[in-house]
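The structures considered in this document are given below.
After this come two complexes, each holding chain A, first together with chain B and then together with chain C.
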Partner chain A sequence: MITTTDTPSVPGAGAAQRRPRPGGDLRSVEKPRSGARDLLAALPWISPALLLIVGVVMFPAAVMFYNSTRDISVSGIDKGSVGFANYAEVFAFPHFWPIFLRTIVWVVVVVVAAVLISLALAQLLNKAFPGRRIVRLAVIIPWAASVVMTTLVFYYGLEPYFGIINKTLVDIGLITTPEGYGWTRNPPTAFAWSIVVAVFVSLPFTTYTILAGLQMVPGEVLEAAKMDGAGPARTYVSVVLPHLRGAVAVAVLINIINVFNSLPILKVMTGSIPGYDADTIMTMIFKYIQVQQKIDVASALSVVSFLIVIVIVAVYVRVVKPMKEV
Partner chain B sequence: MAIIAPALQAIRLPATQVRRRRFTDDQVPFGSVLLRMLAGLVVLVVFTLPYLIMFFGSVKTKPQIRSVDPTYFPTEWRWENFATMWSTPETPLPQNMISTIVISTLATALVLVVAMPAAYYTARFVFPGRMVFLFLVIVTQMLQPALLTSGLFRQFLALGLIDTWAAMIFINAAFNLSFAVWIMHSFFAGIPREVDEAAQLDGAGRLTVLFRINLPLVWPGIVTAIVFTFVACWNEFAASLVILSTAGNQPLSVALTKFVGQYETSWHYVFGVSLVAIIPVVVLFMLIEKRLVGGLTAGSVK
Partner chain C sequence: MKKSQRFAAIAVATTASLSLAACGFSESGGSGGDAEGGSTSLNLLVPSYSDATQSLWEEVIEGFESENPDISVNLEVQSWDNLESVLATKIQGGQAPDIYNGGPFAGFAADDLLYPAQDVVSPETFSDFQESFIANAEVDGTAYALPLIASARALFVNNELLEQAGVDAAPTTWDELLDAATKISGLGGGIAGYGMPLGSEEAQAEAAIWLWGGGGTFGDAEKITVDDPSNLPGAEQIKKMIDAGATQADPGSTDRSPLMDIFVQGKIGMQVGLPPTVGQIAEGNPDLDYSIVPIPTRDGSPFTLGVMDQLMAFKNGGDKQEAITKFLDYYYSADVYVPWVQAEGFLPTTKSGAEQLSGEASLKPFLDVLPGAKFYPSTNPAWSATNGAFKSLFGQIQSKPAAEVLAEIQAQADAG
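Up next, the complex of A and B:
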């Protein structure tokens, strides 16, 4: 983390990386010669990557924007332009605003819970104790494991009568019936449990990001705080937290994008519930594509969510200024 | 959730700097160490519990895993489940396994072949459009297949590649490319240019410089990029769900969701297959654990 590039940081690359430091890559870059010849020389090296980005990310994005204004039949035939009719259909859908609000709840609750728990978790994993390495490795598991498969365990555990989570809840006296209130059958409970799963699978990445931030806190500063007689709580709030600003900002930003775009958890937990009472925008997009086979309306909703993500990120960057120097 | 490949910023600090002073010195009271160990144990249990449930479930019998008063541990251990689980009416699991392996391996290979030259060149040379290129890379990192699925579907339909592994190889490669470029870029940038110049003075061509001089120095970054890309491809769900419609073409992540809502789900088989799919990537990820702690900042889910 000592060398900085002279290029813009990766979104959310964190304030720590942007500090110019000696030995950065500016010195190691050749001075520009003549423009066109340099570009030609660069093409063999960068054009495969360029082709892949333009061909499989940018172009499909353009196709999606274009399709959002077209009338496309179930069999996939483009029947011409409809202007903004697809957008009108998206907003006229009676369940749209509840779905919109649910999406906000989904993102806010999951991200806030994941960050708060991760702050505590990172604090523990940063301290020395026998067995720490094993605990750190265990925390990685939900990160590497397929989200679908992790969610399937929860789904099974919540099944009425034979679910193992139900049994535990009965055993410890939290619920009285092994049927478990039909956790995965009713929209509100299935959605609530989906939030639990989403927080669980978001913890590893968030914890490791904050852990990386904790390692950037200079030991001397902590020692100075100790000398000044600051207790652990005071030290954490006044010394450690300000240093974590960059790491937390990165974690929040990336989690917002991830959680907003998350499909598998809700697909598994709430996918077999009829109706739209547990949907978020992302699951609704896939219902338009797969169930209703309206790829044009799906495109319109995708464009809307695309804009929502951009607005969220822009507002966030503006308000929190994650790139601000610490 | 597709984790946007978190752009790990590699640590290239000298060892003394990496091992920063921890919060605590060595003279910690025994009581608080015990407390930490206790808390660590709780964390360990919470994070492994779902996978332990998976494991114990995978060796139960079907009546046992569906019994109305379930037991936490199997009453009889059915190791043969791991052999019999591959034939189920819901989906052709062996083909799904092969699909997952083929798509992730080829997509990772493609990312490597495409990202390495780009990362090397952008780290070493200035050329017109360099910033535009790097900006494109960053923008890609903000996008995920789930958001663009309808566009991807229409495009690969038009190309005649719908429902093919090729489509998913391209999609996985494209959406994981930015992270790979970024991490390798930062590693290449960390090598002093004098190293390159010395080799060139000795008459080495650019490719020789890249492969013989730079690669041995940046391989930790390349391993990180490979592991991240592979794990992300291995678990990809949203695009596969729409692009791959034939059961035999689908990866495990999509195939296993078909067990949900069945009248009599063979959960013991679902868990057995899941374990087989999870263990290799978890081990891969643990191999780069040090790099995760060292400083991961920025980037993805996805």
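Up next, the complex of A and C:
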């Protein structure tokens, strides 16, 4: 109660000079210093990072864009510019829009499922119980294992004749054909199982991000909610979730980009399926490179997918405003 | 203050060394040319045929290097899945291997990247190749690739399952095959009559077996003709087999290697296999009672799909021709080449090699059908695209009309 009387004066002072500075008078002396000089002074410190960003991000992106406007032969020889013909080919491909829609379904379902399950998992792991450390370690395992390896475990489990998942389903009588069902041989089931695997491998990162967020929820606030008579559900929705906003925002953003750009799961799970009924934009890029050996068209589709990711992230940031303070 | 300056210095030094290291890396990965002390180094890019491929090549290289101390050979082994994209990346980066072991090569010849075969082997070595194989490596009358290995296909038959199903003799025509396979599938218990792998791994091979067996063709060096009426009987027969339940489930998306394992386990009546399949059975299930017979065709006339892999030499500025010639002459000498081919379980492409292996019992069924072998039109520059189109599209024949699938493949082949 004492603090409430104090607060009006404290924010006022904080807003004026957020960081404590040695001698308030010096500020006016420093002020004329231009932004360019500030930048120059900072350069030695930020230049390594800048160099890396230019070398590892900007340069390859520029090369990709350049390649997308060239005509590159099967053996990789550049045969000159073709303008935007490669983009025209990408959009003229009759399966492009189904693939685009499937990509959106893929990203939305995987991210939503991963976040919802992770919220529950993180809640569980935040409670003290015997063996919690071991359970926490177990949750990390899908993260530590290579994605291809995890996917292959599922893939072989789903194989007809010898897959353990198929065998189990046959033994308990859910599948009547004795060799099992070709889960990875049919586009809808292969795609659905890919989503399951993608959620599975996304869980560790998402759970730990949210778990970190949970530990930031101050105990006093929870206690206050309890004293005010809020039940567990009310406490979770009105107190815990708003505090998790930052953590969930990070988890969702990184997951969107990760899942959108994920190739290995779909490549392993749907690789043997003919046609384009289980493809996303990533596997399509892969098929352009690997099967049709059209590096130019693949580059064009990569640029398109790059733009799509930017749009998705922009829409997300705009609509959800994840960075807004609670 | 001092501390942060030191940090900056460390940071700058780290970045500098990182970027320098990156440069060094790309150079050492490249075609080294004249490396230390005037010696030449050759880069060899090969696919993995079996688990033993790497050590077999290492043996060859060791023997070669001890005879030619001034030439060093760098070996790179890649899986078949990645081979062609690795090669395309290398070519695009101006770092093509000096010697490359692969399939289609006409695209490289068209881009003027390859030495003519006669320029990189001695006349004696060149004349030792079987004429039919050399003819298959020619573009406009010039051979650009050296036949490395050949394989032929034949039908592997599980005698026990045939007997259980009451089939007296292995089928020689499509009608007999359909009948026998349907009977074997009827045994139940998850047993499939005919193993039909139309998945992306090697759809082009199973397609060729059926389409060509019905009198069809994929075309020749000038023209790819997949969407051709002559291919329809074979395609329709595939659908007939699938609709009759004579094959395993989901043939359209079943890959060849895993399906062969099922055959080895004795759960498939008949499947088309290769010479290495013999070794696979000996290792995986030596008790399997099987026989190897010619592939059934529409009218019963003998036919096999021959596949030939080649070695080709990239020009790369043209200063290593002599070293390449030395290496290839060494490799194709019978003492080196024959054990290599034999260990991989394939058929030799040289006359001296064929003579030396003519007594091998396990190779006999394949050597017998080899004269009737038909090859992919791999000298057609569009073959790569056609091959890719088959892999990614042909399996749709399970659910789509045959003519539509063939038209789709033709369209993609023409576009490539």
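Following the convention adopted for this analysis, the second predicted complex is superposed on the first by the 261 of 326 C-alpha atoms of A that agree within 3 Å, B and C clash if a C-alpha of one lies under 4 Å from a C-alpha of the other, contacts with A are read in each partner's own complex, and residues count from 1 in each chain.
We take it that contacts are C-beta pairs under 8 Å (C-beta built on N, C-alpha and C of every residue); 3 or more make two chains touch, one makes a residue touch a chain.
Nothing here was measured: the structure is a model prediction, and the numbers come from that model.
Asker: Of the partners chain B and chain C, which touch A:Phe59 in the superposed model: first, second, both, neither?
Answerer: The first partner, chain B, only.
Asker: Go through the superposed model and pick first if A:Pro48 touches only chain B, second if only chain C, both, or neither.
Answerer: both
Asker: Tell me which partner A:Pro130 touches in the superposition: chain B (first), chain C (second), both or neither.
Answerer: A:Pro130 sits against chain B, while chain C stays out of touch.
Asker: Quick check for you: in the superposed arrangement, does A:Ile77 touch first (chain B), second (chain C), both or neither?
Answerer: second
Asker: Where does A:Gln290 make contact in the superposed view: on chain B (first), on chain C (second), on both, or on neither?
Answerer: In the superposed model, A:Gln290 contacts both chain B and chain C.
Asker: Please determine whether it is chain B or chain C that touches the greater number of chain A residues.
Answerer: Higher number of touched chain A residues: B.
Asker: Pick one for A:Val196: touches chain B only (first), chain C only (second), both, or neither.
Answerer: Neither chain B nor chain C is touched by A:Val196.
Asker: In the superposed arrangement, does A:Ile175 touch chain B (first), chain C (second), both or neither?
Answerer: neither
Asker: Just to be sure I read the superposition right, which of the two partners does A:Gly271 touch: chain B = first, chain C = second, or both, or neither?
Answerer: A:Gly271 sits against chain B and chain C alike.
Asker: Which partner does A:Ile104 contact after superposing on A: first (chain B), second (chain C), both, neither?
Answerer: neither
Asker: Which positions of chain A sit in both the chain B and the chain C interface?
Answerer: After superposing on chain A, chain A residues 44-45, 48, 52, 55, 72, 76, 161, 178, 271-272, 289-290, 295 contact both chain B and chain C.
Asker: Within their complex, state which residues of chain A touch chain C.
Answerer: Within the complex, chain A touches chain C at residues 44-45, 47-48, 51-52, 55, 72-78, 159-161, 177-182, 184-186, 271-275, 287, 289-295.
Asker: Please output the residues of chain C touching chain A within their complex, sorted ascending.
Answerer: Listed in rising order, the residues of chain C that touch chain A are 4, 8, 11-12, 14-15, 19, 81, 84-85, 87-92, 107-108, 111, 113, 188-190, 192, 198-201, 203, 248-250, 252-255, 258, 262, 265, 267, 381, 384-385, 388-389, 391-396, 398, 412, 416.
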